[in-house]
Structures are given as structure tokens and as C-alpha cells.
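Each chain gets a letter, A, B, C and D, in the order it is written, and its residues are counted from 1.
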Amino acid sequence: MKIIFIGDIVGKPGRKILKNKLPSLIEKYSPDLIIANGENAAGGKGLNQRVADELFESGIDILTMGNHVWDKKEIFNFIQGDKRIVRPANYPKGTPGSGFTKVEVNGKIILILNLSGIVYMPPLDCPFKVIDEMLNVDDYDYSLLDFHGEATSEKIAMGWYLNGKIDAVVGTHTHVQTSDYRRLDKGTLYITDVGMTGPYNGVLGVKKEDVIKKFVTKMPTRFNIETDGPKQLNAVYLDLNSEKIYPIKEIE
Amino acid sequence: MKIIFIGDIVGKPGRKILKNKLPSLIEKYSPDLIIANGENAAGGKGLNQRVADELFESGIDILTMGNHVWDKKEIFNFIQGDKRIVRPANYPKGTPGSGFTKVEVNGKIILILNLSGIVYMPPLDCPFKVIDEMLNVDDYDYSLLDFHGEATSEKIAMGWYLNGKIDAVVGTHTHVQTSDYRRLDKGTLYITDVGMTGPYNGVLGVKKEDVIKKFVTKMPTRFNIETDGPKQLNAVYLDLNSEKIYPIKEIE
Amino acid sequence: MKIIFIGDIVGKPGRKILKNKLPSLIEKYSPDLIIANGENAAGGKGLNQRVADELFESGIDILTMGNHVWDKKEIFNFIQGDKRIVRPANYPKGTPGSGFTKVEVNGKIILILNLSGIVYMPPLDCPFKVIDEMLNVDDYDYSLLDFHGEATSEKIAMGWYLNGKIDAVVGTHTHVQTSDYRRLDKGTLYITDVGMTGPYNGVLGVKKEDVIKKFVTKMPTRFNIETDGPKQLNAVYLDLNSEKIYPIKEIE
Amino acid sequence: MKIIFIGDIVGKPGRKILKNKLPSLIEKYSPDLIIANGENAAGGKGLNQRVADELFESGIDILTMGNHVWDKKEIFNFIQGDKRIVRPANYPKGTPGSGFTKVEVNGKIILILNLSGIVYMPPLDCPFKVIDEMLNVDDYDYSLLDFHGEATSEKIAMGWYLNGKIDAVVGTHTHVQTSDYRRLDKGTLYITDVGMTGPYNGVLGVKKEDVIKKFVTKMPTRFNIETDGPKQLNAVYLDLNSEKIYPIKEIE
């Protein structure tokens, strides 16, 4: 089972480089499944129907989300019915959408899960408790968790916690790819953060001038997506059968 | 001016791999200067005289620090007098030690600065304000900042803020190396986090069982350094003249 | 059913004023039950056997706790077996001790609950979710929650959330008594914070010099209990039958 | 010098009870000066010209602010020129508006200061450092600080820090009045929080249903001002000459 997992797609620049680079990545890796984090896909904040459609047409099979999942109100119109979209599972019972999905590829079922960290992030149910319950089923062949979190300690601890119990834990949210991709000793593939897909010369996708202004002046500042300059695509390639993980980093 | 900057050295495992690997790194890169972050060098928390001596004897020229700088009370005995140790500059006036140091190498003066982030970290003076004042002198030939911070946004913004005004900004504190090392367009070398130097199979240097227990049970938990298993050394090599930066990652 | 609820007892000064003032309070109010928050009773941090015994002998019937519950390791020796001690209920399943207790007074059963807030506090299970499950039983006549939290919004929201479903919600943790004691319109008695019982001239019970030093210098500072000067006892008197709540404030 | 200081005025309900109650308060206390915190005066978020005019016409002499100061963009049009409006002084140099003002009343000059806390709040300059510089002048007869902060420890520490150096420290921001008003031993009048002026049955001024929904569902929730039901006015009366402070609490 070969998977490409793409880090947070940020706005139009993110979608553009995705469209330009995905064909050659597909050719190179022949993935069975392509997953992307889509929490910033619509203008940097959330997801709407048009952008979701565009991403699925670009070749994405599954979109995971994160703390920005509800930023576009439109998502309430379609998250419930669309099995290709997964939001953090540690929202309370009754929250629209689902914290996991299952896809069948070549007769195999892949369980895809999404969780949010709770360190330096808004309070949600404990991700360590929630994942225990979610993995306590046996009707799948492969499993992958997008753990969307800020603190490196929480993400690495989750990797070790699930070591041997899940095929892969990939971190998202910081928008910066880490170089610690590896196979943990019981076979779980792990990376602390996959990074982001969008502008290369901004700050997490936002115009650097806006973010610097915010830090320097402490004033409320509108964050605009950086639309000029080069773009980057950050991803990982995971081969769940041979237990291999490789980083992908494209710039254009 | 060629520099090796080594990420947070954690306890005895960190000092051990440092001693084992530094000779070959020196041979390979012929650095003019070796800097390391030493905030976790003594038992994972702070720095004492014995460990500082050991690190300087191992070949380290300068030790930068971070939020753990005061963890060992012994540091108050020697931080004031030792120009090889630099603590975050954004502590209040009157704080023991210095937020910068100058070293002369081959007739050139290198200004080495240390700042702590203030996002998801204890409050200190604004690092953007403090760095302005510190760079507003002209008696140095090269300059490098260890920006010790949690949030990727704060560190990347600092990189762009100092783009063209400083030779290098290297991030520390998250203990995970990022893969975004680069030359910013006005010549500043940048990486969000250099990573750590210590156990390879822990959580930021701590035994994984301890950290998992903390996250699962929410109970106060003693964090012990992981002393078994392989070790890692994370660093970057910076050539300030040719404006090149390369990651270094050693495992043993 | 008449109850005196006493705010966080801090160290020896807190226990001393308690012993001095409780007899006259008992005489004045003739309470059926005396509850106190004991999370700071032993040296300002946690609870040990000796101090617990001393408080029960002073006349306290039930001790509720808070974020400092585990500060003294000794508590693991007796919290499990002692039905007079209640710790926040939103710790994970399997945590030693209990999040509620029942006492019979004059043939009536009083359910006493303890919860910790999660805003500006370490992550625990959602208190709004946990309280729903805990009140979903019917074998008690009266009920009172000590909601130990920092944020006024979280505490007031809890008061309204339980309005008419519980007899009383009393807040603790900030160590400062609020003046908003009232009967909510469906009969629940409410106060945002009962305050503390201990030194009158410190900062939350700690020597003011220590806390000021911490804020001014940002250095690690040992917090000593203020042992000199006047003491204060902060409490509320609740009459659950007539739905009345009055503040109690004693200084000596 | 007799002052009435009114806690955060929240939206239209706050302005309404202010107008209704201020005449009788003026009659009762004959204040020389009336100060109010206005950070929530316009629809619960910030201040605009119309609302500022309305408040000054109601009898307010000076408006202090807090973390919501910039919520209405319109404030940039008038904060610079209006000496009756004071925003937290610990914003960076160059921030529009002023962190203090001086008013002359009966031939005496009163220095009015505003600071924001930095514990559980966005980072700003250290309030303890900033206040030192601001009080280091001698051209005033009386002085009062509105310390707008969340943490009780930070506010009480500031009270003791300025004990004998300032006439009054009144806290704001939590929207709940504390009962700890007092004269510190060197003459400074102090209260941890003055409370708020607005709806009586909401959560800090917001409809309780909105805030409860937020805490229960963790979903983004629009916070509407509670416009129904009774209203409250929270204030303190300070007599700087006789060093007396009394709470004021009106409900209608």
C-alpha cells in the first residue's frame, strides 16, 4: 500500500503547485492513495465546496483537517455527507463530520484517522484516549493517523504510543517539514510534521510583512496569503508494506 | 567564516555522541567556530560547571542557552564571568550573564546572539525589539542568532525580519530538526530548528514511557533522560562567506 | 441543609485561622456540613496525612481539591480509601481517588462534586461533559459542585449550565473572593470564587516579595508561604433549602 | 480627591444602566472625577466615536481600555487626539494613543494610567518595568492605575509593588467584581477587579446560551450581547485623601 500524504495546502498558491506537481509525483511514486491536509485550502482558512471539488479533481482522494476545519461556514453543508473528508476525531460526540474514514483500494481497506493535539491548542478530548477507542476495531488492513498538533513532545509521544499498533503517524499544523521521518522499531512510520503546500516566501503561507507587523506592533493585523514568488509542496511518501517513509519537497 | 551549530545537547547521551562524532565533523567541515545550545546539557535541565568544562574540552567554543538556562542554580556562579556562554538577551536588564558575545577568529569578529521566543513560552521582552537594539552596532564582521522558540511563525518571521541584516538565524527549542534550511534572498542563512543532540528513541531526550505516562494519565511525572539505545546529533553547517547552510544528522 | 464552604486553605496560616474562627462560625450558622478546598493545605502545595487529619479534627467534614491535588506524593497513600476527600472528576478513568462523594446528614444524602476548569489550566476531560454524566443519577437529595477554575467565563457558564440541575456551584482556584454570590433564577446558588484562607498580606498566600521578584526578574523563584501578619478566612454560607448564599470574610 | 471608577461597560445594556444610575451615584458620592473602562462599550468589542461621545455626555470624564482597544477600526481616527482616552501603556513605542493622561480637577493634577497584564493574555512589554518608568515623574498630585489583567497573582503583585508609590490600583478585565477592596498598608487603595457594567444574566456580558454552546460543542460561536433581563453596574468609589475604597454594585 503506497500513499502520498501532502502537508497543509494553503490557499490558491497551494492548490496551484499541487496541480502542477502532482502528475509527476504520481508518475514517480505510483501511489495507491493520495491524502492531503485541507484545513487551509480555501483562502488559508477552512474549506468550501468549490475548493474541495477542485482538490478532489486534482487527484486527492482524502482530505484531513485540523483546527481551521470550521473557518468556512459552508463546510457544514457538505462535511456530513462526504466520506472523503475527515476532521479531528476528538471533537465532542455530535459534531458534524467524522474523525475517520475507510477507503478500499485494490481490495484492501485503509483506515484514515485525524486527531488534533491539545498542547498550545484549544481544548478537545484527550487524543491518547480517543485513539485507543478508534483503533479498537479490526475491520481494516492498513491505518494512518494525521496528528494535527503544535507541540513536538505531544506528536512524538503519540508516535511511540501507537508504535506497532498503526501503520503511520504523520504530523501536521506547524507548516514546517521536519527531517525526522523514520520507521519506529515496531514498524510504525513516523514524521513530526509534513510541512505545508503553498507560498515559499511567506510565514506559514501568509505574507511575511503581515506577520512581522503583528509581532512588532502587537496590533490586530489582517493576514493575507502570499500570492507572489515561488511555491513549495511538502509531502511524504509512505510504503506501508515495506515500512518505508521518504520526504517530498518540491519548489517552483 | 565556517561554523558548526549543534542543536540542544541533552544530558550524558548528548555529550557522549558529541565527543564521538565531533572529531569527524571537524575533519569534514574544518569549522572556524563550533557553537552548541547547552540549555539541557546537565541532566537534561540547565548547565553546571563540570558539564560546561566538559563541553568546552570536547571542542565547543560557544554555548547558547534557552528557557532552561537557570535550571541548575550553580550557573549563577559562573555565567557572569564566562564570555563563552550566552543566555537569551530578552531577560530584563540586570539579569546575570549576557545575551551576546563576540569572538575573534582569524582576525574577524563574530557576534553571537541568543533570544527566546515569547509565543507559547514564558513572557520576556519582545525579541523583535531587543534584536533591533543589539544589531545597532558596527564593531563586528559576522553575526549569528540562536532564536530559541516554540512557534514556527515567530521563528520564520524573525528570519525574514533580519533578512540581510544578520548572517544567520538558527532556531532551537523544539528538539526536532526541520528540513527548511535555506538562504533567504538577501543572504541570511536560516533554519527553523536545528534539532537536538542526545537519545534517538526518547521524546525530546526524555524516556518515552515517562512522557507517554504524563500525556495519558495527566499525573505529575518525573522525566528521566533516556540513557539506552542509539543517539543522535543534530546540527547545521554554515558557511557565512559563500552563504551556504547544510543540515547535519548523525546517529550512532 | 446548611453548608459552610471554605476557600482554599493555604498552609499553616490557613489552618491556624481556620481553627481560631471555625467555632464562632459554627455557632453563628449552625451548619449541617462544612466543606473546604484543601489543595494548598500542606505548605501551600497539596495535602498530606497529618494535615488532612488536622483539618478533619478542626471540624471540616469534606475536603475538595484542585490542580495541586498531587503535589504531595503522600496523598497516593490515603486518597483512595478516604471518602472525605474529593479530587477533580475530570481526570482520566483509573486516577486514584474519586471525583465525588456522598455524605448522609440528618437522613439526607448530599452529593459533593469537584471539577477542574480547562481554560488557562492543564488539559483534562471537558468539565461540561463530565458533569452531565455525574448528575445523571438520582440517589441523592442535595448536590454541590466545587468548580476549581481560572477563567471567569468558564465558571459562570458552568453556573448557568447547571442552573436548576444542582443546588450549588462554588468556584475556587483564583484565591480571591468575588462579590457575585447569588441565586440563579432556577434556584442554583452560585459564586465565581470563594477566595482563600491563609495570609492576608501575601499574593495568593505566598510572600509578596517572592512573587514580585518573579514578575520583575523572570527568574525561577522559590515561593514561600507568608507566615507573618494578619490572616484571612474566605468562605460562603449556603442554605440549600431556602436557596440563600452569603459570603463570609474573617480577618485576624 | 474623590473618584468613581466604573468596571468594563459592555454594549448597549452597559451604557443604558450607566445613564440610569450615574445621576444618583453622583448625588451620593459627589465625585471629582468619573473614570470608566470602555474596552467593551461598542457592541461588546472596542469603542467607536458615537459610543465614546455618548459615554462622555453621560458624565464619564476618562475612559481606560484593555485588550479589546483595537476591536473597532474606527478608534484609529480619534484615539490619538483625545486625551480622555487611555490605552494600555505597555504596547510598543509608536502605538497610537497614550498609556496615561493627566486631568486637572480643582487645581490638582491626577495622573491616570492603564496597563495590560501579560499572564494568560497576549504578550506586551512587562507591566512592572513600564510602570516604573511612568511613575518616575513628579508633576502630578494623585495617581491611579487601571491594571487590566486576567491572573489574580499578577494584579495583587502589582498592588503590593506600587504600595505607597501610587494612590490606587484598580483591576479590570475578568468582568467579575472581587470583594478584596482595601487600603494597602502604605496607603495605596486596591481591588483585584472592579467587575463589569452591562447584562446581569449573561456570561461576562454575552448571552449565556452562546458561551455555553462554545464550551460544550467547541465550535466557533458568535457571541451576542445579552440584551434581555436585568442589568448591573459595578464600580468602586475611591477617596484618595482619606484613603478609603468602597465597592458599588447596582442592579436594575
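Criterion: a contact is a pair of C-beta atoms (placed from the backbone, for glycine too) under 8 Å apart; a residue touches a chain by one contact, two chains touch by 3 or more.
All values derive from a computational prediction rather than experimental measurement.
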(Q) Please tell me whether the contact surfaces of chain C and chain D are same or different in residue numbering, using the over-half criterion. (A) same
Q: Give the chain pair, either A-C or A-D, that is connected by more C-beta contacts.
A: A-D
Q | CA centroid of chain A to CA centroid of chain C, Å | A | 42
Q) What is the distance in Å between the mean C-alpha positions of chain C and chain D? A) 29
Q) Which residue numbers or ranges of chain C touch two or more of the other chains? A) 92, 123, 126, 129, 216
**Q.** chain A - residues contacting chain B, complex
**A.** 120, 126, 128-129, 150-154, 156-158, 160-161, 174-180, 185, 192-193, 195, 201, 203-204, 208, 211-212, 215-216, 218, 247, 249
Q. In their complex, what parts of chain B are in touch with chain C?
A. 70-71, 91-92, 94-95, 122-124, 216-220
Q) Which positions of chain D touch chain B when the two form their complex? A) 92, 118-119, 123, 125-126, 129
